[in-house]
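Two complexes follow with subunit A in common, the first pairing it with subunit B and the second with subunit C.
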Partner chain A sequence: MSQVLSQAGKRSLRLRHPVAGTLAVAGYVVMIVPILFVVATSFTAGSTLRFPPDGFSLRWFAEAAAYTPFVEALVSSLQLAVLATGLALLLGVPVTLAIHRGRIPGKELLEGLFLSPLVVPELVVGLALYQQLMIGLGLNNFSTLLLGHTALLLPYAVRVTGASLALADPALEEAARGLGASPLRAFVTVTLPMLRPGLISAGLLGFVTSFNNVPLSLLLQTRDFRTLPVTMLDYVQQSYDPMVAAASTIVLAATVVVAVVAERTVGFAKIFGGINR
Partner chain B sequence: MRARSTSLLLLPGLAFLLVGFLLPAAAMLFAPPGVTFLQVLERMGAMLTDPYDLGIMWRTVRIGLVVTALCVVLGFPIASLLARSQSRWAGVLLALAIFPLLLSNVVRTFGWLVILGSNGVIGQILTGLGVVDDAPQLLYTEVAIVLGLVQLFLPLAIITCYSAVAQVDPGLDEAARGLGASRTRAFWTVLVPLSLPGIVVAATLVFAGSVTAYTTPYLLGGSSQRMLSTQLFSYASVTVDWAAASATAIVMTVLVFLVSGLSSLVGRKGATS
Partner chain C sequence: MTTPAAELIGVSQRFGSFTAVDAIDLQIPRGRLTTLLGPSGCGKTTTLRMLAGYSAPTSGRILIEGDDATRTPPEKRNLGMVFQSYALFPHLTVADNVAYGPKMRRVPAPERRLRANEALELVGLAHLADRKPKQLSGGQQQRVALARAIAIRPRLLLLDEPLSNLDARLRVQMRAEIRRIQSETGLTIVLVTHDQDEALEMSDEMVLMRSGKIVQSGAPRDVFPAPADRFVAEFLGYENFLALGDGRQAAVRPEHLRVVPLDTPADGAVALDAVVRDVAYRGVDLLVTLDATDATGAAVRLLADHRADTATGPTPSAGDRVRILAPEARLALLDPTPIPATPTEGIS
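For the complex of A and B:
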C-alpha cells in the first residue's frame, strides 16, 4: 500500500513528504484492515471468532443462512429500506419541485426545515418516536420504523434531487407547456428525465442509509419485526461465534454489488462522496 | 407555478415531517409522559453536578475531540494526495476511502473485536513476542472506542477535505514552489489555509457523528465506558426513566447544535477576513 501511495504522490508536488505518506498509510490501515479480519475469520472451521482462523470451511455461512432470526431480519430490513426510500422520494420530489420552481417566500427556511432530520441525533429521534408514537399512540413498530426512516431519508430526497433540478433549465418545461402539454405531461416527459440521475442517487443513498441504520431503529424493535443490523448487534452480545462474521461477509459482498451498480449508473464517488470528478 | 399548486406539492411532505419527526421530537424533549419540563430541567441540573454523569459527558466530549483531531490529521493528507495526484491509482484509492461509507457500521466495528479481543490479534502478538505475560485489556477501553470511531468517520473526513482541496487552484501551490518555498512550506502556507473552511466542516461532521454514535461505544466500550448515547439508551429502555432520558437527549442535541453553530460562525468569519 505504501508503494501505491508514494507512486500516487509522485506526480503531485506537495505530498511526497514521508510524514504525510505515513499518515496516509495509517489512515487506510485503520479504515480497511478491520474489515479484512471480519472476512478472514468468517471462513474458519473452528467455533470461535479469532484470528488466525482454524482451518477453512463454509460452515458458518451455511449456519448464518439457516439461522431464522437473521433471515427474517434481512427480509424485514429490505422491506423497510425499499418502502422508506420509495416514500421519501414520493414526498421529497414534489417538495424539491416546489422549492426550485414555485414562487413562494422563505425558500431557504423551507429547505432548512426539510434538512432538519439530519441535524438532530438519530438516537434522540428514535427515542422520540418510541416514546410518543409507539408507547403514546400505540402505533405498531413497523409503521413507526417506516415513519422514522422516511423522515430520515427526506433530506437526501430533497437535497440530492434538488441538485439535479438546479442544473435543469426551467425554460424547457415552459416550452413544453407553451406547445400545449398539460402540467403532468410536461413533468413526465421533460422534468422527470432531467431528474433521473438525482433520483437514482437519492434512491441508492436512501436505501443504503435505511438498511444500515442502527441508532434510529434501536428502540423501535419488537419480536415480530426486527432489522438486520440490530439483530446482529444483539447476537454478538449473546455469543461470540463466527456466524456473525459470516453474516457480515455476506452484507459486505452485497454492499460491493451496490457500489458496482452505483458506479455503472451515476458514478460511485458522485453519489456517495458528493464528489464531481 | 402558481401559489396554490406549490402548496399542494409541499403539503404532504410538510405533514409527514411534522408527524414523523418534529412533533414527536418536541414532545419528547419538552413534555415526556408523566413528567413536566421543570422536572426534566431539575434532572439535568442534577446530572450537571453528579460526578458519574459529568464523567460520562466529559468522556463523550473527550472522545469526540480526540477522534476529530485524528480524523483531520489522517484524513487531510490522504485527501490532498488524492486530489492532487494524476495517477490512475488515485481513483482506486478514492473509491476505497468512500466504500466504507456504504458498509454497515456494525460490520465495520466487528473487526475490532477480532483485533482487540482477549484472544485478539494484538494480544497474541504481544504475548507471542514475550512483551507481556498476559494479554492487556484492550477491548472495552476508551482507546478501543477511539479506534472504532476513527475507522467509522475517517471516510467522511477524507471526502469533505477532498472537495476542499480540489477547489484550491493547483497553480497557487506551484507559484509558492516557484517562489522558492519548500514542499512542506507550500503545504502549510498555501494548501492548508485555503482548505481551512473544508477542514472546519469535516471536523464538525466528525465531532457530531462521534458524540452521537451508538454502535461503537456499545460494542467496543461496553458498560464500563459509557458515553451519552449508550447512557441514553439505558435510560430509555432499561430503567425507563423518561426525565433522565429527555435530559440526556437535550444535552446531546445541545452539544451538537453548539458545535455546528460555532463552526458556521468560524466559517463565516473565515470567509469575510
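For the complex of A and C:
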C-alpha cells in the first residue's frame, strides 16, 4: 500500500520538479543503455565486440549454445537456483507462519534474524561459509554453495510469503477447523491457497536472484562447479568475442520473461511491497 | 428433563492477570435460540470461542449434549460457527464453501452437492452457487456463512454478532430470517449481540453479561419488565431511576412517564413535580428532559416520551413547571446493591 503511494509520489515529483525528473531519466539511461549495447553487439556478424555491430547474424548465439563450459555452467546454475529456491521456500514458509500466526516470544528477533542476509554483504557471508563449512566441516563445494544461496534467498521467501499471509483473515483457518478440518487439512486447503501468489512470486524472485548471483558463487567456486555468471566472467577475462554478449542476451531475455510472468501472476507492487514492508 | 445442548460449568478464561470470563455457569437449552447480550468487552466472544473449541478455558468444564468436551478440538465438536467477518474462503465458489464441511467429513461428492444446495435453498441463495464470495453483497455473504455452518448439520449453531455488519433495514430482516431458519430446522442457536432490541426480538432465552459474569438470564418477557439491577435496566433502555423513599429503587422507561399539568391527581401513580429543561422533536414523539426531586429529596434528571396524539394536556415547553406520573405497574424494582460507577472489568 505505502509502496503504491510512494510510487505515485515519485511520479508527481517527476512531473513537478524538472531537475528530479531529468535525474531519474538519466538514471534509467545509465542503467539501460549499456544493456542495449550488449544486446546489439550480440547480433553482430563480425568477430569482435564492437559498436555499431558489423551486419546481422545469429552465429554467436549458436556458438554460445554449443560452447560446452557455458552449457555445463548453465545446467549447474539452474540446478543450484531451483534447489536453493525450493529449500528457501521450504524453510521460509514455516518461519513466516511462526512469525505471523505463532504464539512465540521474541517474534521480532526471529524476523530480524531471517532478514539479516538482506543486510549483511554477501561477500562476508560467502567468506564465513567458505571458512566454516568448506574448510572447517569439509562439506563439498556444491553443498556449501547451496547453503549460501539458500541463506541469500531466505529473506525474500519470508518477506514475500509473509506479505500474502498478512492479507489473509486468521478466522479462515478457524472456520475450516470448525467445519471439520484437522489443523493440517485446514492449512493445505485454506492457508496454502491464500499463500499461493506469495509462493509464486517468492519462487520467481528467488530463482532470478540465485541465478544471477555473482559474489557468493565467485567466492565459493571450484574447478568442477561453476555457475553461469562466474563462467562468463572468467571468459571475458580471457577473450573478448561477441559470444559472451550472446550468452548475456539469452540470460537477459529469460529474466525478462520471468519478470513478466511474475508481474502477470501477482504484480510488482505486491512483490516489492512484500520486501519493503 | 432432557440434557441441555451445551452446558458451561464454572468456566473462566484468564488472559494474564485479566479475567475475561469469570466462573460462569450456563445451560443452552435444545432447539431454542439463546442470546449472549452485553456491552463491548464483557466476554461474549470469549465465551462463544470456548464453546466452539477455539480456546480452552483456564478453568471449568464444557459439556456438549452431556459429554465432556472441554479439551475437544473444534473439528471434533460438530458445531457450526458463523464469524463476525463471515470468514468465507475467497478461493472457493459459494457452493464449494458450503460443501467444505461435508467434504471434510468425507461425504461422497453427489451427496455433498445435494446438501450444499439444500442449505443454500434454506437461505435463498441457490441461484448464486457458482459465484465467488467477493462477488456477493454483505448480506449475501452473511447468508452463505450461515448456509455453510448449517450444511454440517451441527449440534449447535454459534453466531458471533452475525448482523452487525449489515445496514439497519437488512439487520431487521435478517432477525426474522434467522428465526425462520431456526424454526424450520429445529437447530439450537447461540447468538452473541450487544443490541438489546435484537436480543429481545430473537431470543427464547437471553443471557446478560457484564465484566465476564452473567448478571441475569431468562425469557425476554420475564427479563424485560423486571431487570435485576441498575446495570441491566440501563442496558435494556430504562432511562429513569427513582428512589421511592422506603429504601426501594425503581427504574422506569421514558415511554411510561406521563407529563401532565401540576394539578393533575396522582391516582395511585408515583407523582413528582418537575421543571422542563428541554424538549426535542423526534417525529412520532417529543423527548422531554426534566429536573425533578425524588422522595428522598435528591435531584434527578428524567427523560419522558411525550406523544402528542395520546397524551392529555398541553404540549410541554422548556421552563414549564409540570407534574410527572409513573404508574406503579410500570415501575421495575431494582436490587439495591450498588453498581460501581466505573466498571472495573473484572481485574483480579
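The definition used in the following text is that the second predicted complex is superposed on the first by the 246 of 277 C-alpha atoms of A that agree within 3 Å, B and C clash if a C-alpha of one lies under 4 Å from a C-alpha of the other, contacts with A are read in each partner's own complex, and residues count from 1 in each chain.
Keep in mind that, in the parts below, a residue touches a chain if its C-beta (ideal position, glycine included) is under 8 Å from a C-beta of that chain, and two chains touch if they have at least 3 such contacts.
Values in this document were obtained by computation on a predicted structure and should not be read as measured data.
In the superposition on chain A, contact is made by A:R185 with subunit C only, not with subunit B. Of the two partner chains placed by the overlay, only subunit C lies in contact with A:M194; subunit B stays clear of it.
With both complexes placed on chain A, subunit A has more residues touched by B than by the other of subunit B and subunit C. When both complexes are overlaid on chain A, the residue A:V257 reaches neither subunit B nor subunit C.
In the superposed pair of complexes, A:L109 makes contact with neither subunit B nor subunit C. In the superposed model, A:M31 makes contact with subunit B only, not with subunit C. Contacts of A:A176 after superposition on the shared chain: subunit C is touched, whereas subunit B is not. Across the complex, subunit A meets subunit C through its residues 169, 171-172, 174-182, 185-186, 189-190, 193-194. Put simply, subunit C touches subunit A in their complex at residues 52-54, 73-75, 77-81, 83, 85, 87-91, 100-101, 104-105, 148-149, 152.
On the side of subunit A, the complex with subunit B involves touching residues 4-5, 7-17, 20-21, 23-24, 26-28, 30-38, 41, 48-51, 91-92, 94-95, 97-98, 101-104, 110, 113-114, 116-117, 119-125, 127-133, 135-136, 147-148, 150-151, 154, 158, 183, 208, 211-212, 214-215, 218-219, 229, 232-233, 236, 240, 244-245, 248, 251-252, 255-256, 258-259, 263, 268-269, 272-275, 277.
Per the touch definition, subunit B reaches subunit A in the complex via residues 1-3, 5-7, 9-10, 12-14, 16-17, 19-25, 27-29, 32-33, 73-75, 77-78, 80-82, 84-87, 89-91, 93-115, 117, 119-121, 147, 150-151, 154-155, 158-159, 162-163, 166, 170, 173-174, 177, 183-184, 186-187, 191, 212-215, 218-219, 229, 232-233, 236-237, 242, 245, 249, 252-253, 256-257, 260.
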